[in-house]
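Worksheet for the structure shown next.
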Amino acid sequence: MMTNAVIHPSASLGYQCEIGHFAVIHEGVVIGDRVVIGDHAVILPGTVIGSDVQIGAQSVIGKVPQTNRRIKRKPTPLPPLTIGSHVTIGACVVLYRGIEIGDGTFLGDHVSIREKVQIGADSVIGRAAVIELNTVIGSRVVVQTGVYVTGDSTIEDDVFIGPRVSMSNDKYMGTRPFTYAGPIIRQGAAIGNNATLLPGIEIGAKAIVGGGAVVTKNVPAGTVVVGNPAAPIPTK
Amino acid sequence: MMTNAVIHPSASLGYQCEIGHFAVIHEGVVIGDRVVIGDHAVILPGTVIGSDVQIGAQSVIGKVPQTNRRIKRKPTPLPPLTIGSHVTIGACVVLYRGIEIGDGTFLGDHVSIREKVQIGADSVIGRAAVIELNTVIGSRVVVQTGVYVTGDSTIEDDVFIGPRVSMSNDKYMGTRPFTYAGPIIRQGAAIGNNATLLPGIEIGAKAIVGGGAVVTKNVPAGTVVVGNPAAPIPTK
Amino acid sequence: MMTNAVIHPSASLGYQCEIGHFAVIHEGVVIGDRVVIGDHAVILPGTVIGSDVQIGAQSVIGKVPQTNRRIKRKPTPLPPLTIGSHVTIGACVVLYRGIEIGDGTFLGDHVSIREKVQIGADSVIGRAAVIELNTVIGSRVVVQTGVYVTGDSTIEDDVFIGPRVSMSNDKYMGTRPFTYAGPIIRQGAAIGNNATLLPGIEIGAKAIVGGGAVVTKNVPAGTVVVGNPAAPIPTK
């Protein structure tokens, strides 16, 4: 079966790439060796993809941020999206320009990541997780299915974020001026399923937040918190 | 790069439109001036799109509701989807017939909106938000990322709904007959990140619901509630 | 309007099928009679589809699991995805190989289902719901919009799971060895909007979990629980 992909003449493909049906590779894209791109995937101008990368069907890779008259933060020119080697990207994923993804990282289906995000090596971003702009995620981090990582967040190495955890970065919810501040989650912390983190919270190293907890204050390193509002329980 | 889009001969396009690769513009679609349609977007029959609109790649615009023998509410004939001017729509979005979207409104990637929904002007519907049928959303409303707006809801002007807020409209969860009733959220109210609203709840004007709160009773205008179940705290 | 679909010569289509624009039907796919496949849908090798099935635009049907060096569970060869008759599948859906879907079941837009999942007849999986691997879902089950069903779960017949319910299956969140255990939800139980179920929980037959509850212990049959942590209230 021949491919019907559209590949811009200025795009550069490495050896032994497989490009799916009706895929679109736009101007100036650079793709390494042995890259597999699914049917209908769209690789937008300037995107840089390492070797041994897989990109699922129907994904949109390297999107320029859109805006309108209501959105406060206006887009600035962004560097290209840069994807390391041995990265796996699912189907129906949307990735913006101005993202860097480290080697060996895995992004599930329906993931959505905004501009100005860095993700380290060997991390996992679960299906349908959404990551907002101006966020740094370390290496060997697990962000499980459906997590919402707000903008202006810091997630250090080896953190585990359970399914459907939610965060926010706007203390006054648009009602007063506020400097956006997402959570800071220190190395090796673990956040349980469907927990809620309020703006600007710091979760200390190796702290544990129980499933369904609502975290309204900083959590010291090594502490376990549960409940609404979250409060410490003795560690075992 | 030539486009390979399929455009039905009965479709009408304004001046200076850009249609992406492999896009499909179906029968009777009417598109204004300076509209940009992304690669692989599908514009279904009869959809009416204003001027200066952007539609992202892989979106499905104007879908007829599907049903099966298990779904209770059967589809009725619906008016076309109508999109105002200066509207921005992200990638991988699914919009049904029978929706009206006001001028200047912004819909993020992976948004999904059912039939019989009206959205005013200059509102923002965040990425991966889902809006059910029979719902009215005002102008200058912010519905953040991943919010679930149940069916039969009313959201007035200037409301702020934080990320991942959830709602429901079926008090007995299918176990007894019940008239579906979503929440009513009055002008200028703000709902925190991952809060839960039970069926038929009214949130008064300028009330504030804290992050992670579970709202089981009406919230009077200007009141701040937090916790599970949500209870008032003094305003500052 | 002629279709521009790509249909592999080894694929088999029944009578009166409608295949959308730029759809891709891969090697060895078997499709029954009167099947409607939307624009840009991708049906991957070996998928078996019954009669009177609808598949929405931009969906990816029969995906082989991807992996990388960080994911613990390695993929094994999987049987084809098998879709019964009278099944309706929305737009932008991702379904893996090794799933069986019973007759009359409905899957909303943006649904995502991993391998090794069985779903009975006449069930509804709501929009943007995510179902993980090794899970069994019965017949006449309602899984509402945005629910997260973790891996290794059992959901019996006639269960109702409200919008945005979340679950987990890893008690120690990757910090210690643990046998994955999702919840067991017994026949006719109902789980409220945005409730959280901890790993390995059993919800008894006809039990009711309130909206926003955080369930940390087993819930006996017929019991109603609410709050964080969830505790029983007298039934009416």
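For clarity, chains are labelled A, B and C in written order, and residue numbers in each chain start from 1.
The criterion applied here is as follows: a contact is a pair of C-beta atoms (placed from the backbone, for glycine too) under 8 Å apart; a residue touches a chain by one contact, two chains touch by 3 or more.
This one's a predicted model, so the numbers in the text were calculated from it and none came from an experiment.
Engineer: Same or different, please, for the subunit A to subunit C contact, judged on whether over half of the interface numbers appear on both copies.
Structural biologist: different
Engineer: Given a C-alpha superposition of subunit A onto subunit B, how large is the rotation in degrees, taken in steps of 5?
Structural biologist: Superposing the C-alpha atoms of subunit A on subunit B needs a rotation of 120 degrees.
Engineer: Which integer distance in Å separates the CA centroid of subunit A from that of subunit C?
Structural biologist: Inter-chain centre distance comes to 23 Å.
Engineer: Considering subunit A alone, which of its residues make contact with at least two other chains?
Structural biologist: In subunit A, 22, 40, 58, 92, 110, 128, 146, 164, 194, 214, 228 touch at least two other chains.
Engineer: Under the stated contact criterion, what part of subunit A meets subunit B in this complex?
Structural biologist: 6, 8, 22, 24, 26-27, 40, 42, 58, 60, 63, 66-71, 92, 94, 110, 112, 128, 130, 132, 146, 148, 150, 164, 166-168, 170, 173-175, 194, 196-198, 214, 216, 228-229
Engineer: Which of the residues in subunit C come into contact with subunit B in the complex?
Structural biologist: For this pair, the touching residues of subunit C are 1, 4, 20-22, 38-40, 54, 56-58, 86-88, 90-92, 104-106, 109-110, 122-124, 127-128, 140, 142, 144-146, 160, 162-164, 190-194, 208, 211-214, 226-228.
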